[in-house]
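Pasting the structures in now, so scroll down.
What follows is a pair of complexes built around chain A, which joins chain B in one and chain C in the other.
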Partner chain A sequence: MSHVSEIALVEAVIRWLYENAETNGSVKAEITPDTDLIATGVLTSRGIIELLLFIENRTGCRIDLTDVEPSEFSVVGSLCRLALRDQDGVYQYVDNR
Partner chain B sequence: MVSISMSIIANPIVETYSRLANRYDDEANLRSCWGRASEKALASLQIRESYRTVLDVGCGTGRALLHLASRNVPEIQFIGVDPATNMCKRAACRTSDYANIKILTGCFEQMPLESAAVDYLYSIFAFHWVSHVDESIKEVSRVLNRVGEMDLFFIGRDNGLEVIHKTTPIFLKYMGPALLLASARMRKQLRKDEAFGLFARSFPRSQLSVEESYDTYYDTLEGHWGWWVRIEGHFMQLPPGKKRQCYQEVRGALLTLAEDRGIPYTIHQLHVRLRRCH
Partner chain C sequence: MRSDSQETDLIAGFYRSAKRFPSRVALVVGDQHLTYLDLQLLAGRIASAVFKYEQGSFPLAAILAHRSVIAYAAILGILAAGKGYVPLNAKFPIERTRKMLQFSGCEMLVVGKECFHLLPKLLPLMDRHLTLILPEASDVALLSSAFPMHRFVSYGDTDPPHSPFVSDVSPTDIAYLLFTSGSTGDPKGVPISHSNVVSYVQYACNRYAVNPYDRFSQVFDLTFDLSIHDMFVCWQQGACLFCLPESVVKAPAKFIRDHQLTMWFSVPSLIGILAKMRLLQPGCFSSLRYSLFCGEPLSSAYASVWQDAAPNSIVENLYGPTETTIAISHYRWDRVTSPRECWNGIVPIGWMFEGQICCVADSEHKSVSNDHCGELWLCGSQVANGYWNDSEKTRERFLRRTDDGDRLWYRTGDLVRRDDTGCLHFLGRVDDQVKICGYRIELQEVEAVMRKACASEQVASVVWPPSNDGAQGLVTFVSGLETLDENRALAYCRDRLPDYMVPRRVVLIDDMPVNANGKIDKTGLVRLLQAGEK
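Then we have the complex of A and B:
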């Protein structure tokens, strides 16, 4: 699995969000790396699950949410950093499905 | 798979339904949007005279079974299956006057029935609680006979979005990310095409259809709170004090949705229908 840069991941996530936002087809506000997805209503918890799967497939890393702060989890940029922190670490993705 | 161990929560849905079984038939729940939507689904069921065994999966306290058995010939054997022990007890008690109603403990993934034993299977707002969608559909296919028919009503992907958008930030605050997602995973919320694709693995496409509906119900805060019993299982891991605070904030958030007609809640319903050629 090749490494994914943070910038590339953030861009990919924002593209995904414009296609998959749970706002009945119209994203009113611009989505940036600082957008809080839950506070702004772009995603619900179900949407976040789908986003995490997208990120995991993209990075090949499992995202460990243990001890993660709510703000870290719901903001685009920090969620991407969270996903990438284990890119070289112990949580390398193994697809057992 | 995101690394949230489901061991955080060991089937709290079944446990909670069992614990709250005595509250399930409260007027507040029955009159709520979910009570009304359930009645509508029940009213749409048609029991053919040719059916000999009819199965209700997720029968709860047995309301639908009693309704159907009282309106059909006694030669039809009605069976109710539910995983929550106290729901089964209440259903057995409620239907005890009917010799042709039997209540068994079981679930979609594992039904205590012989293969090909069922002529007609229905389920009203239970299928979204399954733990394993594929296994459940295979099990449904196993118990239905060659000409067996089916009506499954369950919630779709976009259920209750207006309320969920308001409440998710609050749940995130009180539950934290891991628990919030584990909780969201307890419900399987499929899209229409996804549901069709999954059922088409076990049933002929030509005999299968999925109907989708969005119905918005308006109610007071207390009216909506009447169905909260149905989702209590999501919050089992919260300590009582924290849960009280969380509910307080949720109630405040629901009030901000109020319109002249009341607080809206849109039920996104999927209806999977299997009909054989007669």
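Then we have the complex of A and C:
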């Protein structure tokens, strides 16, 4: 599993969103790293779950949302940072061995 | 006007709690904590404005506010002024809001500042004079000059009341008017009387032994009648109501823990979302005393996983159409015995609330014996008298049964079966009504809008994709056209229907599949979607 940079992950997520966003017609606006995916209707909560799985596959890390405010994990940029925070944790653990 | 109240109107319990616990917190919205006294004063200010500026004696006033202190104060204020409230929804398209306002007949509207931006879109559509109370506006000169047909009341125009502001209401007066999906393409108004809802609130307070230390969730939008349980069961006993911010509603796990909630009430599909986000760990909601679910079928798998997450909580499945006031039957989950009482993996809707009556009837309105499938009919103090200004639909749904004398029954359209123990099991619908995330949708209403959107009479909607934990969305099929502009059709729907009613896709087909009776074969349409998936 290669180390994923934040910029690359954000780009991949935005690409994924354009391809997979809910198609009830609400997704025509531009998606940026600051887009709140739930507030703007880009994704329903089910869509968020699919997005989490996509990011986890991409980074190879499990994202722990237990102590995260929903307003944080529903925004593209901060969700990617969360994922990479967990990725960094994994790499640090591997390095220490 | 009088200064106290008997327990026959919805607001009486709030006033009693405000008298007993003036300094206890009644409402938390974001970082705002309002005591019972704070909320009573704010509600009184709105009540006095409603009273002062009303032109006639119309029994209803509307509210356009969303998850804000003013939203709750307006409900209490309108009730205190002796009127029933009509909640509008800032998330609905303006056209639907206009229709709800128009159909309700309201001439008075209380608006929270989070909805001020909607006024320039809504007001030009109104063809009658409105009085708008804007409790957070200091200056309404601009609005007054832009919309001279309407009157605007600012904070400065409202007076603080000297004592709790309560008007005389009769038990049969309307406490609230809600709109549900209607098959003709327009929303359908359900007026609930004070006596209907007081009956519910008193029963729920006793059943759940609500106390002043309880901390209630408030998940539902105010246009969903389950919100009335949250507010008034809570305030009846001096407990505290926690409004979930919009950003938290979809994933409230941290909120439940942070605020140590004791009473939870939501639709079951939220359990699935939290579970998939891995936010339902065993024991994670240890503060909850009660977990109530209503609005759509509750699967045994969901009940079980929630019970593990909230081990100190009693889990109940509630059932009830808007027409019978919030909920009218219940089933208490037991981790040992319940799994074998579930049919097809769905938790029973259980037994009627004490004092409410049901009948499982055949197509001739006669009751069927246990273990036979039939339509559920409901009767009792929680059952409304009919629809708002719609005698035709009232005659269809509110009836007297031939073998039952003069009692008025509501035909739910829900198919149920009663087992040998008397426990009711929900089996489905007799008509085209579906539920998506707890929202009631008449497919005919979606189809009526879609016919106009596509300029074709040949339109049919189906639930898609199928899911074990409730419907996720709709797909509409259209035929009889050479070409279809799907985006344009969807945009037309978005302007007229709430998000949850807007189909995910519109599919153009050459001919509608039909069954032996010549009716559109919706199973055939679902098969088309399944084939497309492969």
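Note that the second predicted complex is superposed on the first by the 85 of 97 C-alpha atoms of A that agree within 3 Å, B and C clash if a C-alpha of one lies under 4 Å from a C-alpha of the other, contacts with A are read in each partner's own complex, and residues count from 1 in each chain.
The rule is simple: a residue touches a chain if its C-beta (ideal position, glycine included) is under 8 Å from a C-beta of that chain, and two chains touch if they have at least 3 such contacts.
Computed from a predicted structure; not experimentally measured.
Chemist: May I ask you to decide whether A:A12 touches chain B, chain C, both, or neither, giving the answer as first, second, both or neither?
Modeler: A:A12 sits against neither chain B nor chain C.
Chemist: Report for A:E56: first if it touches chain B alone, second if chain C alone, otherwise both or neither.
Modeler: first
Chemist: Kindly classify A:P70 by the partners it touches after superposition: chain B alone (first), chain C alone (second), both, or neither?
Modeler: both
Chemist: Would you mind listing the overlap between the chain B footprint and the chain C footprint on chain A?
Modeler: 22, 24, 38-39, 41, 44-46, 48-49, 52, 64-66, 68-70, 73-74
Chemist: Can you name the residues of chain C that touch chain A in the complex?
Modeler: Residue list for chain C touching chain A: 245-248, 250-254, 273, 276-279, 281, 284, 472-473, 487, 490-491, 493-494, 499, 502-505.
Chemist: Within the complex, which stretch of chain A touches chain C?
Modeler: 22-26, 28, 36, 38-39, 41, 44-46, 48-49, 52, 64-71, 73-74
Chemist: Report the residues of chain B in contact with chain A in the complex, numbered from low to high.
Modeler: 1-4, 157-158, 161, 164-165, 168-169, 171-173, 176-178, 180-181, 183-185, 189
Chemist: Which positions of chain A touch chain B when the two form their complex?
Modeler: 22, 24, 38-39, 41, 44-46, 48-49, 52-53, 56, 62-66, 68-70, 73-74, 91, 96-97
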